[in-house]
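Take a look at these structures.
The following pair of complexes shares a single chain, chain A, combined with chain B in the former and chain C in the latter.
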Partner chain A sequence: MSMKISVPRVWREIKAHYLLEATVCNKCGKIHYPPRPICDNCGNRNLFRRKLSGEGEVLTYTIQYIVLEGYREYAPIVFAIVKLKEGVKILAQLTDVEPENVKIGMRVKAVLRKICEDENIGLIKYGIKFKPV
Partner chain B sequence: MVKVYIVGVGLTKIGRFFDKGLRELFAEAAFKALDEIGNETVQALVIGNMTSSSLGEQDNLGALLADYAGLGKIPAFKVEAACGSGGVAVYTGYSLVASGMFDIVMVGGVEKETEYPTRIVSKALAQAADAEYELFHGISFTGLNALVMRMYMNEYNVSRDEMSIWPVLMHKNAVKNPYAQFRFEITKEQVAKSMMVADPIRLLDSSPIGDGAAALILASDKVAKKLTDTPIEVAGLGMATDHIYVAYRENILSFKATILAAKKAYETAKVCPKNIDVAEVHDAFTVLGFMNLEDLGFSERGKTPKLMDEGRFWPGDKPTVNPSGGLKARGHPVGATGVYQVAEVVMQLRGDFPGVNVGGDIGLAQSIGGLGTTVTVIILKR
Partner chain C sequence: MRPARDVGIVGWGACIPKFRIKCSEIGKTWGFPPEYHGGLIVSEKTVANIDEDTTTMGWEAAKNALVRAKINPEEVEAIYVGTESKPYAVKPSITVIAEALGITPKILGADLEFACRAASEALEASIGLISSGMIKYSLVIGSDTAQASPGDVLEFTASSGAAAFVLGPRGENTVAYFEGSYSYITDTPDFWRRQLAPYPMHGEQFTGDPAYFAHIIAAAKGLMNKLGLRPSDFDYAVFHQPNGRFPLKVSVKLGFPKEKILPGLITPMIGNTYNASALIGLCAVLEEAKPGQRILLVPFGSGAGADAYSVIVEDGIEEKVHLAPTVKELIEDKIYINYTYYAKFRGLISKFSF
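Moving on, here comes the complex of A and B:
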């Protein structure tokens, strides 16, 4: 038996995954998600962390029927690129919605949900999903 | 810089081969390429491959393949850039010759995918994306491409059936290609009824899983003419990368990496898009085929499906696109694909491609790793 989910690997990105923390350039104001250590707009390395609103709208989506190893019990899964109020775009699953009711432009907000479970040990990986408002 | 020519090519058929692994596939392609240059000694080997590690439990691929194919104790190594590994291997092999370091270099591409269940292969291929922020959520590579396809159809108001001209033409072109995985025609109706993989991508929008290997011999201008009567010049090449997290990009309907790599390739070859006679582009999914033609400067944004339906890019048009059948129908042995494309364009320009052969003086090959993340564009001249 081997563990497929590594605890420290999830833990070190936890603020970005659970709280939607981005890094913001203190020079030009560009918001970076996933967080990065240098602004790709102006080259400034002086960035601070800010929690994103989690509110936005669906820019595009897919209903994925053929899912990856470890996700079979959740199929089909709806994935979307969500554009937040702040202008930042985020890839995540949609939840609490029937796939046939998903529309481009639909307003959604972030919620913390289970992503998947380690098949062998039972560890649970959590992350942000978006649900309709 | 030293001028670089391609003086030999070798391909295997693409498909499911129970009796061939990474080493057998590579040796078959390598021997064909070596035969074209009278078995002259190659001085270094560069291999394009994505999944030998994740699927085949094989690292150290360069040494393994150089040894198995009897190339001797030469410098040999693998380069990896997901599905774009083949193009990057050619880029690397070119650099070794152009720098003056070697006169004869073999560039190989090999992939072995068919002996594992689809969900295992899909997981390996999904590693092309950002592991911590894309794969984390469970999205497959097809899923990522589906996000782009829906956006393309929505933005440019293109219907399901209008998109289907891509796989229909690719299958038509592949019928005559003896190396192709799929040598049968399909209809738009069949595309529309095929299994939904990740809405709106259906099975017949997707390149298949397949095994295959390709090999090229690159040579400096000093020795090229001694090795063949028909050297094909690597006239220009470019490579670029982009944000791996696709949602970070400002525009999702265009690959900046293709635009930058193409600009560099066109500049170094001193040609423009309208000079290209034949092109092999990276159509891992229907939508990518259209976007690539737009990013390479062959077509207008959002109009490509309609233009193709009217006969643009078919054999005999300039450029003819994917006379091999493309990734869709020739097949997509991931890290070998970029090497296949260059070999095919070489044969087009030499006039000895055994499938749809349109000839021409200038050809182009575009290879993509990930969803537009790593792109190489290579221009060849007769």
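Moving on, here comes the complex of A and C:
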């Protein structure tokens, strides 16, 4: 057997994965993505949800050639730290760009893409990736 | 058909995948004679990336349409996608699209199927819903990753893309409105795909005259008769474009000069995007049309049916053109791939797992 996607987990993470929904601390203002229930900066438990812009730039990146089972068709996968215009840094995949053309400082925007499929009978997982503007 | 109250286009958007394969590369792979595909008048076609499908392309086109519409997405009350390449046989694509646009849960919607004209059916249904006052805004999407059997002539043209429109009551924010429409549907066995069959079959002798030409001509003539219009009353005409040749031929039969067809004839550069085919053509025309101009739009779907619409462009359209990528810009933004990558992206080859 290869990859198995957890259906409840995919469902639970829909808002974060489809809409870049983060949690924001209403005390210190820190933005958490992926969303966290407790602020890791000040310990506050009172956080509210906010959709992030999806516009940003590549701070740094790495290219993964040896991938997890079920991801061979997607390889090589470019993972980047994207700094969004809100200032928050998030880890995300880049798409629609050849690895040799990825540049630090490159402007990118969020797009909905397929993340993986559970063989050909299971769930298809969608989420936000980033592509060059 | 004429709605009780006028309905118009508030925003439009396209998604044209970045990857392209040249038809000559496909022909060479399968041993066709050079320029065998020449008569199709398609030089290259789009290929959806490995992580793109009908849902993701539909989302992207819809996002662009919402940007141009300049409305709060939560005001959208219906969402339809017309497609013949649903990622799931059972599980709607629109639920993912709507969730990812942030317009759930107070919404109406479904995936519709009628070969390449399902999205046109969504246009008609939305015009009815809006005209009756049941809803304010509807999002209509045509999106396909068209299947073609490797080595079949269909492989030269079957491509991927999406188009989306936000429709709403004719008013200050509409940039064009529907003057009327005329539908023409019969049972014609020109093209089909059975359950679990990966690729469609085409009934060769039915493809041209009894299907495409008969239905488009009947719908277009029916509309012009009903509205008392002639080809000279239209500034543009956009037909379903399974290849580059058929729309040019049908325009001659209907009496439209070439210059009214070319602005909306996109298939020669990107291939046949099925449910998005005529609709991307309409997007391209909206991006150059001037207020007051009249557009004939005739989508067609195998099986078979065609709908003819008269669309009149209104004030304010020019300001919306550059709010999102234009069809022209999307066509020019491309990366060529060879048949090996094409085969991987189309799922013709995949890693076998136990």
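By our rule, the second predicted complex is superposed on the first by the 128 of 133 C-alpha atoms of A that agree within 3 Å, B and C clash if a C-alpha of one lies under 4 Å from a C-alpha of the other, contacts with A are read in each partner's own complex, and residues count from 1 in each chain.
Going forward, a residue touches a chain if its C-beta (ideal position, glycine included) is under 8 Å from a C-beta of that chain, and two chains touch if they have at least 3 such contacts.
The structure displayed is predicted, hence computed values, not measured ones.
Model built by superposing both complexes on chain A: chain B and chain C fit together without a clash. Using C-alpha centres, the superposed arrangement gives chain A a vertex angle toward chain B and chain C of 150 degrees, stated as a multiple of 10.
Legend: residue contacts after superposition of the two complexes on their common chain; A:7 is shown touching neither chain B nor chain C.
Of the two partner chains placed by superposition, A:121 touches none, neither chain B nor chain C. Applying the stated contact rule after C-alpha superposition, one finds that A:42 touches neither chain B nor chain C. Once the two complexes are overlaid on the shared chain, A:28 sits clear of chain B and of chain C alike. Of the two partner chains placed by the overlay, only chain B lies in contact with A:65; chain C stays clear of it. When the two complexes are overlaid, the chain among chain B and chain C that reaches more residues of chain A is B. Contacts of A:74 after superposition: both chain B and chain C are touched. The gap separating chain B from chain C in the superposed three-chain model is 12 Å, by closest C-alpha atoms. Across the superposed pair, chain B and chain C both touch chain A at residues 69-70, 72, 74, 115.
Residues 1-2, 14, 18-19, 51, 69-70, 72-74, 95-96, 98, 111-115, 119, 124, 126, 129 of chain A are the ones that touch chain C when the two sit in their complex.
Across the complex, chain A is touched by residues 118-120, 122-123, 126, 130, 132-134, 136-140, 142-143, 146-148, 150-151, 154, 195-201, 243, 245-248, 252 of chain B.
In the complex of the two chains, the chain A residues touching chain B come out as 9, 13, 16-17, 32-34, 40, 59-72, 74, 77, 79-81, 89-93, 99, 104, 115-116, 125, 127. Those residues of chain C whose C-beta lies close enough to touch chain A in the complex are 18, 49-53, 55-56, 59-60, 87-88, 96, 99-100, 102, 335, 344, 350-351, 353-354.
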